[in-house]
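Common to both upcoming complexes is subunit A, partnered first by subunit B, then by subunit C.
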Partner chain A sequence: MKKIFNVLLGVVTSIGGFVEAGSISTAAQGGAEFGFALLWAIALATIILAMLAEMAGRVATVGRRSMAAAVRERFGFHYQMIPLGAELMIDLLLLAAEIGGVAVAIKLLTGIGFQWWILPVGLAVWLVIWFGNFTVIEDGVGLLGMVTIAFVVAAWRLQPPLNSVATGFLPSLPNHDLTRYAFLTVSIVGATVSPYLLNFYSSGAIEEKWTEPDLWINRVTCYLGMGFGSIVSMGVLITAAVVLGPLHVQVNSYEQAALMFVPVFGRWAVLLFACALGVGCFGAAIEITLNAGYVLAQSFGWPWGVDKPRRDTARFCAAFTLVLLLALMVGILGFDPLQMTLISVALTVVVMPLMVLPFLVLMNDEQYVKTHTSGAFGNGFLAVLTILGALMALVVIPLEVFGG
Partner chain B sequence: MTHRGYGHLCVLWMLVCSGLLTGCETRQDLLDRQHKALTSLRSTVTSVCQAWLDANVSTTYARTALEASAVLLDKEHTKISKSPDAVADPAVASVSDAEHQLARQIALLRQALAESNADAVRQLKGAIEAGAELP
Partner chain C sequence: MDVAHDLLDKHIVDRNGHELGRVDGIVLDVRPGEPPKLTDLLIGASALGCRVNPTIGRWVHALEHALGLGHLRPIRIDCTRIEEIDDKIKIDLSAGDTTADVVEQRIRTWLLKLPGSR
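After this line comes the complex of A and B, so read on.
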């Protein structure tokens, strides 16, 4: 009974933890500019994320290694330096963008410039990690993140034409701004399939001491949790499409995005949007900070774990603290958080092949997954994803130039 | 391929991208983007004003949203200013004038919001809506 409760909690917290700066901004831009036409991109990205997370969880559950540790062990320290460097760079930018997202959310309510909130938000992130344990961090942030369901409620209450919504799930070409459409498609995939999510998820499986009999929990959490979570992203897109699309408002700031709630929630609109944005970004900031510590500790073979005494994991703690400090410095420089989000999302796409390729090897190595190796379908999926990732990596920079 | 070979490929790719970044936007692309950005910002400003007049959003949010719109408008205007040739084009110059006008209207709106002057906000909102279609 307790296990089923934990699984349900895991699914619920996955919903709450799905939406953050990248998914809100890309879905809102896509909806405002192309109506429901990009719903298929969110669905596709969610399937990719769920499958990769399930595989990362399988390696952690069966092989007792996180993705970073497994890649280091299987491919060697020199190879691991490449994905490590790429992941840290993206984590740094994303972290600055997420902290900026929380700061902008507070600015929406107080009117005080977002730069003033960067340091307090960073301190709050650090305090939660320092004094919290993994369960508190994951479940607490996930449950608070349920406020993002406001996007689904908004989409529901706006009563969008169901035929048009259903058509949005079929990939199609737009009749205007093809480059922009392609850029937003790639951005939605990049915002959803973040490398930090995969390593954070596999590290979490080890923190929670999952064993082989828990593989079904891994599957349910990935497919159900992330599947339901994507409904929130789709809620953002549909709400933006119905409210902002007809007004021809392009979402180039969070202040513009907040307008999408006004017809539905009236006086509560800005408060609800700020809470959804703030809580979503705060949760993501905690996960990214922790992941930076995880990936560094696992790559260099240091002791790690948020549930262990801090004195036993001193280098892990120093690593996540240092990355958080660097992100705060980037944030204080005053870059627009939304623009920084889009840049980090594009970089995520650039490094995607580097992240996906090791899966092909690890998921077929019995040293890591014993009898749970990938079948023809899993291997086919990874092969297609590697090629797709390489193609997207090649086109994302020109697309950023012309369509971003 | 050697590490050096991969390095050369990366440098070549970055050069191609830089070339695309600097040289390939046509006057028409610039004009289209400016039209869209201006329409979007006008619509944002009038929506914020309407929400404030309906008491759906606070003065704090309305001022913050207008401030953000002014920053975005300034960024768009800088793109035109960077290309003196483009300003010589009557169509681009017309957009540039419209941007100037909207910037002034946003400044007046912020002042009206600070004074909680609903009549002035209504009047300015009407003026922005009336000029919504670009020549």
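After this line comes the complex of A and C, so read on.
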């Protein structure tokens, strides 16, 4: 009974923790500019994320190694340093963007410039990690994140034409701005399949001490949790499509994105949008900060874990604190949070093939997954994803220049 | 034994299961006419840097010197102390017998000054 409760909690927290700066901004831009046409990209990206996370969870549960540790051990440091460097770079930019997202949300509520909020938000992130344990962090963030359901409620209340919504799930070419469309497609994938999610998830499986009999929990959390979570992302896209689309608004700032709530929530619109954005980004900021500590500690073999006493994991604590401080410096320098999000999303796509390729080897290595190796379907998926990832990596920089 | 595959990058734990780090480098004794003999395992950023590029290794070592760690790192573990090689490499030493925890201890003394450290 307790286990079922924990699984349900896991699914709920996955929903609450699904959207953050990257997914909100890319889905809002996609909806405002191309109506429902990019819903398929969110669905595809979610399937990719759920399958990769399930595999990362399997390696962690069976092989007792997080992705960072498994990649270093199986491929050696020469290979690992490239995805590791890229992941830290992405974590840094995305963390600055998420903290910026929270700061913008507070600005929407208070009217005081967002740069004043960057340091207090950073301090709050650090305090939650410093004083919290894994369950408090994971469940607290996820449960607070239920406020993001507002996006789904908004989409529902707007009563979008269902046949048009359904058509959006079929990949199609737009009748205008093909480059921009391709750019947003790739951005949605990059924002959804973020490397920090995979390593954070596999580290979580180790923090929560999952063992082989828990593999079903891993599957349920990934497929149900992330599947339902993507509905929140789709809610953002649909709401933006219905409200902002006809106004021909290009979402260049979160302030513009907030307008999408006005027809549904009236005078509560800004408050609700700010809460959804703020909580979504705050949760992601905590996860990214922790993840930076995880990848560094796991790569270099230091003791790690947010459930362990801080005195026993000093380097791990120093590592996440340092990355958080660097991200705050980036934030204070005054880069636009939305622009930073889009750059980190593009960078994610560039390293996607390097991130996916290790899965293909690890999921067939009995040292890591024992008898739970991938079948023909899993391997076929990874092979296709590697090729697709390589194609997206090739086009993302030109797309960023011409379509971004 | 395939040294690169079986040793490099693996986790090293002491006799109490305490994590010391990963095998960042190895020391081989090479004599003409004899097969190379493994003598030590190395842990530390400078050893890792050397593997990527000797210049990077020198820079990292210079940085360690500047931080007063030069004589303590990289940490050398005599390969006769290897007890078991499995998922991890278990050695017949305790962390205190090596200099593996020096950085951890230094950071710990700072962390303990923060409120709420446990």
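Here is the rule we use: the second predicted complex is superposed on the first by the 404 of 404 C-alpha atoms of A that agree within 3 Å, B and C clash if a C-alpha of one lies under 4 Å from a C-alpha of the other, contacts with A are read in each partner's own complex, and residues count from 1 in each chain.
In this section, a contact is a pair of C-beta atoms (placed from the backbone, for glycine too) under 8 Å apart; a residue touches a chain by one contact, two chains touch by 3 or more.
Keep in mind that what you see is a predicted model, and the values were worked out from it rather than measured.
Shared-chain residue A:130: touches subunit C; no touch with subunit B. In the superposition on chain A, A:8 makes contact with neither subunit B nor subunit C.
Residue contacts after overlaying the shared chain place A:64 against subunit C, while subunit B stays out of touching range. Of the two partner chains placed by the overlay, neither subunit B nor subunit C lies in contact with A:322. Once the two complexes are overlaid on the shared chain, A:248 sits against subunit B while remaining clear of subunit C.
After overlaying the two complexes on the shared chain, residue contacts for A:76 are found with subunit C alone; subunit B is out of touch.
Look at A:309: by the touch rule set out above, it reaches subunit C but stays clear of subunit B. Looking at the shared chain after the overlay, A:111 reaches subunit B, while subunit C stays out of its contact range. Those residues of subunit C whose C-beta lies close enough to touch subunit A in the complex are 4, 8-12, 18-22, 24, 43, 45, 48, 51-52, 87, 103-105, 107-108, 111-112, 114, 116-118. Within the complex formed with subunit B, the subunit A residues making contact are 107-111, 247-250, 252-253, 255-256, 258-259, 262, 266-267, 269-270, 394, 397-398, 401-402. Interface of subunit B with subunit A (complex): residues 13, 17, 20-21, 24-25, 36-37, 39-40, 43-44, 47-48, 51, 55-58, 60-61, 63-65, 68-69, 71-72.
The touching residues of subunit A, when paired with subunit C in their complex, are 64, 69, 72-73, 76-78, 81, 130-131, 299-303, 309-311, 314-315, 317-318, 367.
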